[in-house]
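Two complexes are shown next, each including chain A; its partner changes from chain B in the first to chain C in the second.
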Partner chain A sequence: MAYDPIFSDAIIFASLLALLSIGLTLTYITTRVPNFAHASFATIGVYVALIVTHVWGLAPYIAIPISFVISGIVAVLLYTFILKPLIRKGASQAIQMIATLAFDLVMIAMLNITADYIVKTYKITSREFSLRSYDIDFMGLPLIVIVAPITIAILAITLHIMLRKTKFGIAMRAATENSDLAGTVGINVKLVYGVSWLLGGGFAGIAGALMSLWFQGDPNLGPQLIPSIFAASIAGGFLSIYGAIAGGILVGLTEVLGTRFLAGEFGAWLIAYRPLIPLIFIVVTLFLAPKGLAGINWSKLRRHGSRI
Partner chain B sequence: MVLESETIFIIDLLAIFAIYVIVNISLNMEFGYTGIPNFGKVLAVGAGAFVAAAIPGRIFANIAGIEGDYITNNLLIVSQINLWLVDNVGIGFVVFFLTLGVAAGVGGGVGLLTSYPAIRLRGDYLAITLLAFGESIRIIGNNYTPLVGGTLGVQIPDPLSFLPNELRFPVATIGLVAIAAIVYVYSEKMVRSPLGRMLRAVRDNEMAAEALGKNSNHIRIKIIMVSAALAAIGGALYAFYVGGTIAFAYDRASWTFWPFLMILIGGLANNKGVLIGTLIFVTLRKFIIFFKDSLEGFVPFDVVWLDFLLLGVILLVILLYRPQGIFVEKPTPTISHKGEDNQWNIKKMFNFFFK
Partner chain C sequence: MSSGKKIGIGIIGIIVVIGIAYGVLGTDSDTNPDNTTKVPSTVEESSGLSGEVTIGLILPLTGDLATHGEENWEGSKFGVVEFNKHLEEIGAPWHLKMVSEDSATSPVIALEKLSSLNAKGISIVVGPETSSNIRNIKGYSDSNNMLLVSCCSSAPALAIPNDSVFRLVPDDSNQGAALGKLIQHEEIKVLIPVWRGDTWGDGLQEAASNSFTERGGQVDEGIRYNPESPEFSASTSLLAEKVQEYVDEYGKENVGVLFLGFAEILQFTQSAAEHEVLDDVRWFGPGANTKEHKLIDDPIGLEFSTNVQFTTVQVAASKNPTYEKVQAHLIKTLGKTPNTFVHSSYDAVWIIGLAMLETQSSDVSIIKEAIPGIAESYSGAIGSTKLNAAGDLAQANYEVWGIRGGEWIKLGQYTQSDDSISLS
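And then the complex of A and B:
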């Protein structure tokens, strides 16, 4: 059987969605505000990759650590200078959400300005560009198809070890479970939250850098991606890192392969409606299993099944 | 008579102001008074605009007996209709108001759909769901061609085409301002009525409101439907004013984010705040667009993004340093406070019961 490129699409998209929803979950469990600017952190990564490859002429994978740092710092700025003061002043959750939307707008404007600047200064395409040609072939496949899932696996395992085995990770879990109690036993809750935002933003940056090697890059990627990321996080329960991984893979695979399957059954006009899939995911998850994959009691379900 | 550019500037500013006042008052009802974070406002506005794009043109074509597919031959058919409307002013107005009615009805339906998650979910989950709902309107509009012509958009017949060109926009603007004034008065009356007080009771302490026998879910459904109907009227009026509908104009920034910005500048739960916030925003944007060409040479990017940057920063500054907006919410007086006897009666009753 010939290898169908749709599987590359599905694997890469699912891995990146998992990475993005891990990041979103990491920030959500600290401040309990859904960050609508999260997808634009990934767009920063896309532009870092563009500059690394086109302007500096380096291998695209060098963009990964750089975009981790830049997106992480931007996320920390959002937390420190906007969300933290708002929380201190007792602003409602809705106001905090609007603040992240405003921050997203500022970021989209900055990204568009960067894109215009790149066009004018270096005379290269900076909208709807693709960096696919910069990738290397590995055993007949583009390297990104292998790198994307491996990156997720490495990051997930690192995060798992950090949260379970290191002192800082345990402090982090304590601070997200009950910040007041964690504060009384001497954990620096603000620092822990800051690190959480750094990791969350950084992971999104990595996802963006990887994404540029397969999908089209554009300054306005964020608004297109955000429903999928939220669908993945909600499907995963929004409070569990492992749920986020499962949700990302589930939503990513369904979006790519499900659209392909339905288009094959009913006709190609269905492809254009692919953005509605995350919406359906959000609605179905919230009404059937509001706590997501992480909230389903699997062992009980299994016992129930065996009884039948 | 040819209009001068300053006059055009002010007329256009007033028209956009009136349309945004309608949408913002409806958002203020939901978010300011009732506390429902409707991040999918664009859904109702878009629904109204889509009704205006899909229905009146087809009705006119039917009455006037113009043949052809409405979407594919849109330009030709609409120009024929506009010629025909010059002699059929009455029918034009009847269909115009009928369309507003249908838009309000469809908006109410959209509101009912929105209220389904809104009474079951709270806070962040609700906001995410509504945001995703709002995205769907653009996707459907862009891809389902019979509705609003897909990515090409459609033209809308102009009921005012009997007027000479230089009178058309001033008259349309006067109409828009009049409708906005009606909506404003309606909203003022509503927030001073028992219903308005109940909205704030549900927002501030839902449990207390329910303990007093108020059905908070019922109130939420009602207010979402009313405000979605108003927003749909706003969307339909905008479509008529600009003379066409194209799906990608109904995005999150223009019809969800800017309205939130405007009501937050002016002050939540405050209709006066809506007016001043909208005026500041619309004027600022008009000036940015007005001076766009003269700025173009100085900055190495499209000036549109400066506009986004500036407005985003303004909103963040307001949220951080003056979260209550320009006008702070005050307790609203009840409607009947003019009759002396009335007050006397209340005083007597108060004394009777509590002293």
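And then the complex of A and C:
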């Protein structure tokens, strides 16, 4: 049977979604605010990759560290200058959430200005562009097929080691579980939160740089992806990094392979309804497992299953 | 409040906001300085015009059709410049001013912009560009006695007599006929349409499929994709499966794919290029993809569209001095060959202006009544601008274009009157 490229498409989409979901979860864990600007941090990475590839003439992968830094800094700015003052003034979670939405609109406007500047200055397409043609061939496959899942694995292991084995990781866990108590034992909670936002935004930036090799780049890419990212984080429980990875992979694979399977079985008309899949995930998770994959007692389920 | 409750509240908020965000994809990057212009009070209705007469413009300067939108914007701006020169030459005591707004290729934002123009007292508008936008704002425009002159909307469903919309393109029942004829001429027996799930895509798909079926061809149910999708792997995988089945049955030379989309064609072809069988059959496309530079600038896009001999039709603009002048100006301004619709955008301004000049009025009802006569007598950049009973361009000849040898070249012409096609 011939290899269907949709499997590599699904791997890439699931990996990038997991990466975005980790970042969103990291920021949620600290401030408990669902950050609607998160996907636009990734769009920054997409535009960094465009500049690196078409303006500087380098391989798109060079954009990864640059995107990490820029998107991370933008995330810290959002936390420091918008969310922190709101939290200090006792703003509700809903107000903070709306603030991130407003920040997202500002970011999209800035990205539009950037796109206009690029097209006018460098005479290169800066909307609905794709860098897929500039990927590196690796054993007959685009390198992104290998790099995307490996990036997830590296970041997951690094985060695991950081959270479990380093003083800073322990401080971070303490600060997120009980910030008041953490503060009284000398942990700099603000610094911990700032670093979480730096990492969350940075991971989105990395995802964005990689996305440019598979998705169509546009200032409006963020709003198109945000339902999938939230579905992944919610499926993962929203409070667990490992859940975010599992949720991202689950939602990503389902969106691509599930849509393809359903369209093959029930008719091509289903293709147009792919955006419903993440929304269905959110609803189903809320009904069946409000705490997501991370909240399910798997050992109890296994015991129950073996009895059946 | 417990963390469980907080999560619950947060999640409900997320669902609500996601729903809203979905409806309002896109942004309003208001890049045009003109939109702060006040509506001049010097316009004198029905008693002669003087001073500054303001018209509006709504085009997609951002979003899926930003490339087209920018080209058409330049076409309309040049139309205003040239028309004002004409007014100066004849000693008219007034000149046109155009207030531009960005629809962001979003029907919701287009409506917002139209109501904003209306609030400023601007009732005559060039645009919007897409049929989806027109469909969403037509009700508002009809009920508020406004007038829209679109360069590019072509959905057959919007060919409605005596409404507030004039369109300087033939409706897509004509483009569908041209595509059906072209595909039959190329000896395709089975056609698989793939189209954007919106007003324009649905209308053109139906027209082209009907035309091809009437000519004896077989049409698959096809694939209607979501234009907002960030990638198209599921669509191309399913398409490959369908094409393979037909190739096995009819042979690859008898199977064709009709792609009806906008700028997402590059993303789609890049995904399609992963499937060998999609590289083996002929692909056809609409005017919206004709001269799409992204296809020839991108290595994968170019290789794929060359392999499949990508062939399109687009409204034929007769070559005349005005056409040449507009073309030369836009090539200089944009640094590339523009799409044909820029000429319609240029003519839209002229037809509105000439109607005002003839009636010495900016009253919508008077202008609306005058436009069919003006359009019939005016010969613009697109040649004859005579309109049919529905207020759409009457002449419906199409040029056939294709990517051959790494560039877009004109391959021939479809003539509507005798339903004939001639390819070089």
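Just so we're on the same page, the second predicted complex is superposed on the first by the 308 of 308 C-alpha atoms of A that agree within 3 Å, B and C clash if a C-alpha of one lies under 4 Å from a C-alpha of the other, contacts with A are read in each partner's own complex, and residues count from 1 in each chain.
Just so we're on the same page, a contact is a pair of C-beta atoms (placed from the backbone, for glycine too) under 8 Å apart; a residue touches a chain by one contact, two chains touch by 3 or more.
It should be emphasised that the depicted structure is a prediction, and the values quoted were computed from it without experimental measurement.
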Overlay on chain A: chain C relative to chain B, clash or fit: clash
Chain B versus chain C as contact partner of A:Phe103, first or second or both or neither: first
First, second, both or neither for A:Ile152, with chain B first and chain C second: neither
First (chain B), second (chain C), both or neither touched by A:Gln216: second
First (chain B), second (chain C), both or neither touched by A:Leu86: first
Which superposed partner A:Ile51 touches (first chain B, second chain C, both, neither): neither
Which of chain B and chain C A:Ala272 touches, first, second, both or neither: both
Partner chain in contact with A:Leu19 - chain B first, chain C second, else both or neither: neither
Partner chain in contact with A:Arg260 - chain B first, chain C second, else both or neither: second
Broader residue contact with chain A after superposition on the shared chain, chain B or chain C: C
Touching partner for A:Thr125 - first (chain B), second (chain C), both, neither: second
Overlapping segment of chain C (options 81-89, 117-125, 279-287 or 369-377) - the one that collides with chain B in the superposed model: 117-125
Chain A positions touched by chain B in one structure and by chain C in the second: 32-34, 36, 93-94, 97, 101, 105, 108-109, 112-113, 116, 223, 226-227, 230, 234, 269, 272-273, 275, 279, 282-283, 286, 290
Complex interface listing, chain A residues touching chain C: 4-6, 9-10, 13, 32-34, 36, 93-94, 97, 101, 105, 108-109, 112-113, 115-116, 123, 125, 127-130, 132-133, 214-216, 218-221, 223-227, 230, 234, 238-239, 256, 259-260, 263-264, 267-269, 271-275, 279, 282-283, 286, 290-291
Touch list for chain B against partner chain A, complex: 31, 35, 37, 39, 117, 120-121, 123-125, 127-129, 131-133, 135-136, 139-140, 142-143, 251-253, 257, 260-261, 264, 300-302, 304-306, 308-309, 311-313, 315-316, 319-320, 323
Chain A-touching residues of chain C, taken from the complex the two chains share: 3-4, 6-11, 13-15, 17-18, 21-22, 24-27, 29, 31, 62-64, 66-67, 104, 197, 221-226, 228-231, 233-238, 240-242, 263-264, 266-267, 270-271, 274-275, 293-294, 297-301, 335
Chain B partner contacts - residues on chain A that touch it in the complex: 32-34, 36, 82, 85-86, 89, 91, 93-95, 97-99, 101-106, 108-110, 112-113, 116-117, 120-121, 223, 226-227, 230-231, 234, 269, 272-273, 275-276, 278-279, 282-283, 286-287, 290
